[in-house]
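First chain A sits with chain B, and in the next complex the same chain sits with chain C.
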Partner chain A sequence: MNREILIIGGGPAGLECANSLISLGYKVFIVEKSAEPGGHLRKWDRLFPYGASASETLEKLLQQSNKALFFYETEVKSIKKSDGVFIATLSDETQLHVGSIVVATGFSLFPAAKKEEYGYGIYNGVITNADLEDAFKTGKKEFFKANRVGFVHCVGSRDEKVCNRHCSKVCCVTAVKQACEFKDLNPEAEVYCFYMDLRMFGRGYEDLYLKAQNKYGIRFIRGRVSEVAEDVDGCLVLKAEDTLTSRPLKVTLDLLVLMSGISKNPDNDEIALMLGIDTDEDGFLSLCEPNLNNNKTQVEGVFLTGSVTGPKTLPETLNEARAAALAVHKYLSR
Partner chain B sequence: MNINGKKKIWSEYQKEIPEDHYFYVRSCIRQNFFPASEKLFLEIVRERLSLDFFETEHHTTCGGIAYHSDTIPQETVMTIVARQFALMTEAGYKNYVASCITSFGLYTEILDTWHHFPELESKIRDYLWKTTKREFQKPEYLAHASDVVYKLRNKIASQAKYKLVNKDTGEPLKVVEHIGCHYSKMFPSKGVGGAEYPYVLTGMIEAWGGEIVDYPERRHCCGFGFRQYLVQANRGYSISNTHKKFESMAPFKPDMIITNCPGCPYFLDRWQYVIKEMEGKTYGENGEGIPVFTYEEVAGLVLGYDPWYLGMQMHQTAVEPLLDKIGIKYNKEEKYLL
Partner chain C sequence: MKEFGYSLSPSSRVDLDKVDKSKQNRLFALEPGFKKCMSCGSCSATCSAGNYTDVSLRRAISYIQNGQDQLAVNMLRNCMLCGKCLIICPRGINTRNLIRNILNVYGEKQI
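Presenting the complex of A and B:
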């Protein structure tokens, strides 16, 4: 039995899957497109809902997965299957012969500039959740001088106009977390969250939402933002609708944070074609038994894990990664 | 503001605009509001630039005013438009250019509807044949007249006598551009620069020496909005919208406004007078209003046409302070002689 496994993608899903497979005695190769492991987790500062450090979390994942063999800045060029063995050729021409493949290529953040009406990339005070997280992480103080701050939920999520009908699942609680963190850094700031629904489904999320209102005085306005512009002083003028009072509103802000949602990985089509698996209408990779087995594909020996199949929280991703490792083990022990 | 962000969007919304051989259709109302604009357009393209632009007296309203006032069935308005296309076909043209923004929006909407519902197009062809015995080809290229002037902006600049520059300071004039709602808000890909940051007028202003002002209510309706004005009881909404725009642009101290819609220049121009009467407030320098122009009028000024030949005596808000600022020569005594 070939006990070597290829994991495509070195983000949290790939790393945790590798950890589990290594504990089960398998040799693991991780092919990562970028120069470092960790995916989006590497760029984040703190994690919802309890504020755990993202870098410490990543460090723990990496400590356990250090027995895997990493190929950085590398992509899989082709995959063939012969006599139950997958032969993967990498972009550096390395050939790997493995018994199973796990796809953990994750997601991409929705490019906020596509929502042209919000002015990302045009108006200086408009940033994304990722930009703000980077500011928390690197201590970019100029952002935290802003005294009037808005958060726009569902940017590129639940939005047919940008072909993303799905909910990104993590943006509501991320916005609440970031709004609270902002208030910690600038207690004088007036902070507004513009939302469609608040989907506080996870343990601790509702508590964080209540804390945001009671402790931090963050104002939650149910309604979508229609447009953003700059006034003569360079401040942002935002128009929205408050659907609870059925009134249009206009606020002037210093900083606007767009909660970019989770979009499919742009490489999904290529990966699906290479492996002979399908993508769904939303562009995420397709599972053949989504209720019974959320790792299984229609190709024997190929498994999926993490947000390559749709938006997920980090704990969900890690659980799914462990499940994928067990699925691989079950497949190779058959 | 990061201009490169806008440039990126502009690069994504470019449309193919032929320079020559157009079937030109006029607006229902522009000849009353700004009588020289359409005449001037034809004069510039035909005489200054030696291009082929054909028009026919058989052209009628497109039905757009009735359509956007909810007073005409969709199939009726489509049959009217089919007849216009038949006139183009009979004249031997394939490029169609509309002077009116609402017509342009309506043609775009109808062509898109026919694309998605070809059975409806067949039905309209049948209606047209039964009522007029006419047949039509759909235009290969549909343009608004401002698209064509945008396309020709550098050629116009090369013949320019004046620039949109303050003659005393050498500074570019600060210009507010106002795009008609029906230009690209419905179909962003059909407008130069898209819907959020249209480039069609900005491109002209840049080519002719001015500088565009981006102000918060840039995208807001001029105040015409069809039923806001056409229904008498709603006219308070009309002037409120115009008022909102002027309050928003005033801090930027614009020198002038340029528009590409039949209704917009009219309402932005005339309501300034009403606001002055009602509130005693003006938005330009020295207690004056901010002069409002069609893009053809601005092209005419840049090319050195006499302002009174361009019909500027018909404007409610006086244009003379701006003409003086640019250094355009005119004779005060001849203002009302034409």
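Presenting the complex of A and C:
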């Protein structure tokens, strides 16, 4: 029996799946497109809802998975299956013979410049959730001088015009988390969150929302921002509707944070074609029994895990990664 | 001056730049629960007066936040202070105290 497994993607899903497979005695290869493991987690500062350090979390995931063999800056070029063994050819021409493949290629962050009406890349005061997280991480102080700050939820989510009809699920609570963190760094700031619905579905999320209102005095305005312009002083003038009073609304801000949503990984179609599996209408990879099994595909021996099948929180991703490892184990012990 | 029969309608747009923050802070100090409102509408749904007159605490809170104080005050004058909204509020806001203090801070007459 071939006890070697290929994991495509070295983000949290791939790393945690490797951890579990290594404990089960398998040999794991991780193929990672970028130069370092950790995916989006590496770029984040703190995690919702309790404010855990992202780098410490990643460090813990890496402790065990260092027993896996990593291929950095490498992609899978082709996969063939013969006699139950997958033969994967990598971009550096390495050939791997594995018993099973786990796809953990994750998501990509919505490019906020596509929503031109919000002015990302046009006005200096418009940044994204990822930019703010980077500022938290690196202590870039200039952002925190802003005294009037807005957060725009659902940027590139629930938006058919940018081909993302789905809800990105994690941005609501990320916005609330970042708004609170901003207030910690600049308690004088007026902070507004513009939302359509607040989806506080997880444990501790509603508490964070209540804290944002009660302790930090963050104002939540129900209405999607229609446009942003710069005034003569270089401040941002934002327009929205306060849908709770049915009035158009205007506010002048120093800093605007766009909550870029979770988009499908642009490589999904290629990966699906290579493995003989499908993508759904939303561009994420298909599961054959989505209610029963979050890992199983129509190809035996090929499993999916993490946000390659849709937006997920980190704990959900890690649970799925452990489930995928067990699915691989069951498949190879059949 | 010659009249041409044209006039300008006043803007009904909310301008958050013009909200009186000092009055708001006074209200927050008198009833900190104000900030906890999540606009669920339970208070307005249960309101006895709301069936007959234009009163909605949920909307009044939004009006105060938007700096449209007079709209809030005019609306809450119809409140009979029965306190049903206090019982129903899922966030446990002392709505009766809130209504009294909105009228005290923003209205001309003290109650």
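Before moving on, here are some points about what is shown:
Keep in mind that, in the parts below, the second predicted complex is superposed on the first by the 334 of 334 C-alpha atoms of A that agree within 3 Å, B and C clash if a C-alpha of one lies under 4 Å from a C-alpha of the other, contacts with A are read in each partner's own complex, and residues count from 1 in each chain.
Here, a contact is a pair of C-beta atoms (placed from the backbone, for glycine too) under 8 Å apart; a residue touches a chain by one contact, two chains touch by 3 or more.
In this text the structure is predicted, and so the values were computed from the model without any measurement.
In the superposition on chain A, contact of A:227 is made with chain B only, not with chain C.
When the two structures are aligned on the shared chain, A:192 is found in touch with chain C, with no touch to chain B.
By the document's definition of touching, neither partner reaches A:288: not chain B, not chain C.
Residue contacts after overlaying the shared chain place A:245 against chain C, while chain B stays out of touching range.
By the touch criterion stated above, A:210 is placed in contact with chain C alone, chain B being left untouched. Residue contacts after overlaying the shared chain place A:219 against chain C, while chain B stays out of touching range. The residues of chain B lying in touch with chain A in their complex are 1-2, 4-6, 8-9, 194-197, 214-219, 251-252. Of all residues in chain C, those touching chain A in their complex are 12-17, 28, 32, 35-39, 58-59, 62-63, 65-66, 68, 91. By the touch criterion given at the top, residues 192, 198, 209-210, 213-214, 217, 219-220, 222, 242, 244-245, 247-252 of chain A touch chain C in their complex.
Against chain B, the residues of chain A that register as touching in their complex are 113, 116-117, 119-124, 227, 229-232, 234, 237.
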